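Right after this note come the structures.
Here subunit A shows up in two complexes: once beside subunit B, once beside subunit C.
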Partner chain A sequence: MSARKPYVRPMAGWWRRDPFFVEYMVHEGTAFFVWLYALELLAGVLCLAQGKAAWDAYRAFVASVPLLILNAAIFAMMLYHGYTWFKIMPRTLPPMKVGGKRVAGATITALGLGGALVASVLLFGIVWMLTSGGAQ
Partner chain B sequence: MSAAMAKVSVLRYRPEQDEVPVWQDYQVPYSDDMSVLTALNYIKDELDGTLSLRWSCRQAICGSCGMMIGGKPSLACKTFLRDYPEGIRVEALAHFPIERDLVVVMDGFMDKLQKVKPYIIPKEARSLDEGEYLQTPAEMDLYAQFAGCINCGLCYAACPQVGLNPDFIGPGAIALLHRYNLDSRDGGSAERMALINSEVGVFNCTAVGYCSEVCPKMVDPANAVNVGKMNSARDYFFRFMRPAGEKGECR
Partner chain C sequence: MNQALKRSHEPIFWLLFGAGGMLAALIGAMLVLITAFAVPLGLLPADAFSYANMLAFAQNLFGKAFILAVVALFFWHAVHRIFHSLHDVGIHAGTGARVLCYGTALAGTLLTVWALWTIGF
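Coming up: the complex of A and B.
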């Protein structure tokens, strides 16, 4: 008879074991706020489809203090979500070469973050121009 | 002046007497250049011959002495007491069953290594008089990083998905699979694709990324796994555009 009796350690609470796992759970957890914001936008679209009264009610709702606080929290979480997304990007892309040399991971992250920033500013500018044009 | 001492706590598991693993403390003479492996061997040689551990080369080449040190997957020969002034806690590699003390059961890992067909599968039969395969430095550079794996298992101890689903092929074996797929002499990618695509394949990975952080040889298994996801998705969507009938493929 074999005297072997391998012991399998439990996995319960695994994510509390290492700070790296805690950070992973936090950055995955920020996806919840992305989902919240998607719901908020969806509600806006539905209200818009229902006519002016519903749309005005929606606008008043999102301008209320609790919603402003919630949206500030969502914005902060989105920023962190985006940051961690670009931080892991070098691990998820095939190796990139420019002029025969491998592009460093930090460069890929920086380019991703820079691209996201430029796109955000552009989008904000376009929306701002459209809305201020519409008010005149 | 008496020599400085350091505390080393070891998670003991002796299957003939322990129902569950238990912590045991030892005091070892401290010096600045003392590795955890040296400390463990001091314990085994001078204090308690019943302590079991695997080790061999003492220079981060053989991959035998992987264990959890201060809760992190580490090679005992490459980790030093001086970095743990409060004392050090040593435990068998996480996500592997404990055979005894610091020795883990590697059988599952060995099976996974075999499953990825970690050898060159020639594109076409070649006779000896055709000579050796030639490869340019650029072609070698594509896979060289992934060839640095020493099978120490640290990436498995860093991967919660391996802990949650022990059947997952895991970061190390997938890095090795990727190493052969990237080799210009190899023609086995299609044969290995079924495993990548399978229930135990790359999509178990949730991009925690810790595997690449803990690797003592600067291999990037997380990259191999995630590029594998891309290849798997491409294989799924474009499989109808390839001629059928290749070995190991399904449509």
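Coming up: the complex of A and C.
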């Protein structure tokens, strides 16, 4: 009697088989860059607590070429995270109804992306006012 | 009825994941632009992130709340997503992986609180 050798589909590299899965892995992968950015900001607030010398060293570090390259990657992944976050939102949100009619997925995505644009412009405006003398 | 049904911790972590994900989706990219590129690009004045400016911001209660919200929620969002993706890359996520993932978020949160406390009011 021979031992059964059932075929087990290998799972290594499963996500490379289908563009849909590749996109899934990339948008899940944005989390690593969000984590890196949180770490970068944490380093900043820790340096700020240490005093002026540590803070100035931190700002010089952030302005260095390797960090500029890293931050460019983080920026791109943050943008992609925002895009996929709102693209998926029609499926992660409970069904939304307005006037008895279900809100279309495309509407939710558009509202989310529009909200992100408004929030980002508002944030930059506040920072600009705080730093450029608008509020002084 | 099954009295032994255990309450799951998952909603708490999912809520932190969702809040961080929403915050990152709304302002994440703009924050990177502001903290890393605005000064070199000349969008903000050279002294925008001077020690005096940042100290004043971090001593302000709104500033403290903003810094804590961004750092902590970004961490909790990221680790939750990374933890749940471990399975997808063939890593069986057990207690060790859980502690390693969520531990960095907890440490990051506590360190931020400590730093903001040290900076004072």
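One rule holds in what follows: the second predicted complex is superposed on the first by the 125 of 136 C-alpha atoms of A that agree within 3 Å, B and C clash if a C-alpha of one lies under 4 Å from a C-alpha of the other, contacts with A are read in each partner's own complex, and residues count from 1 in each chain.
Here, a contact is a pair of C-beta atoms (placed from the backbone, for glycine too) under 8 Å apart; a residue touches a chain by one contact, two chains touch by 3 or more.
Quick caveat, the model's predicted, so the values are computed rather than measured.
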item	value
A:N71 touches, of subunit B and subunit C: first, second, both or neither?	second
Contacts of A:R9 with subunit B and subunit C, given as first, second, both or neither	first
Partner chain in contact with A:D18 - subunit B first, subunit C second, else both or neither	first
Residues of subunit A touched, compared between subunit B and subunit C (which is higher)	C
Contacts of A:F61 with subunit B and subunit C, given as first, second, both or neither	neither
Which of subunit B and subunit C A:P95 touches, first, second, both or neither	first
On subunit A, positions contacted by subunit B and by subunit C	11, 15, 28
Residues of subunit B that touch subunit A when the two form their complex	13, 15-16, 20-21, 71-72, 94, 97-99, 105, 138, 142, 160, 163-164, 206-210, 212-213, 220, 222-223, 226-227, 230
Subunit C - residues contacting subunit A, complex	20-22, 24-40, 43-45, 47-49, 51, 53-55, 57-58, 67, 70-71, 74-75, 77-82, 85, 88, 90, 104, 108, 111-112, 114-116, 118-119
Subunit B-facing residues of subunit A, complex	3-9, 11, 14-15, 17-18, 20-21, 24, 28, 88, 90-95, 100
Subunit C-facing residues of subunit A, complex	11-12, 15, 25, 28-29, 31-32, 34-35, 37-42, 44-46, 48-49, 52, 55-56, 59, 62-63, 67-68, 71, 74-75, 78-79, 81-82, 85-86, 112, 115-116, 119-120, 123-124, 127-128, 130-132
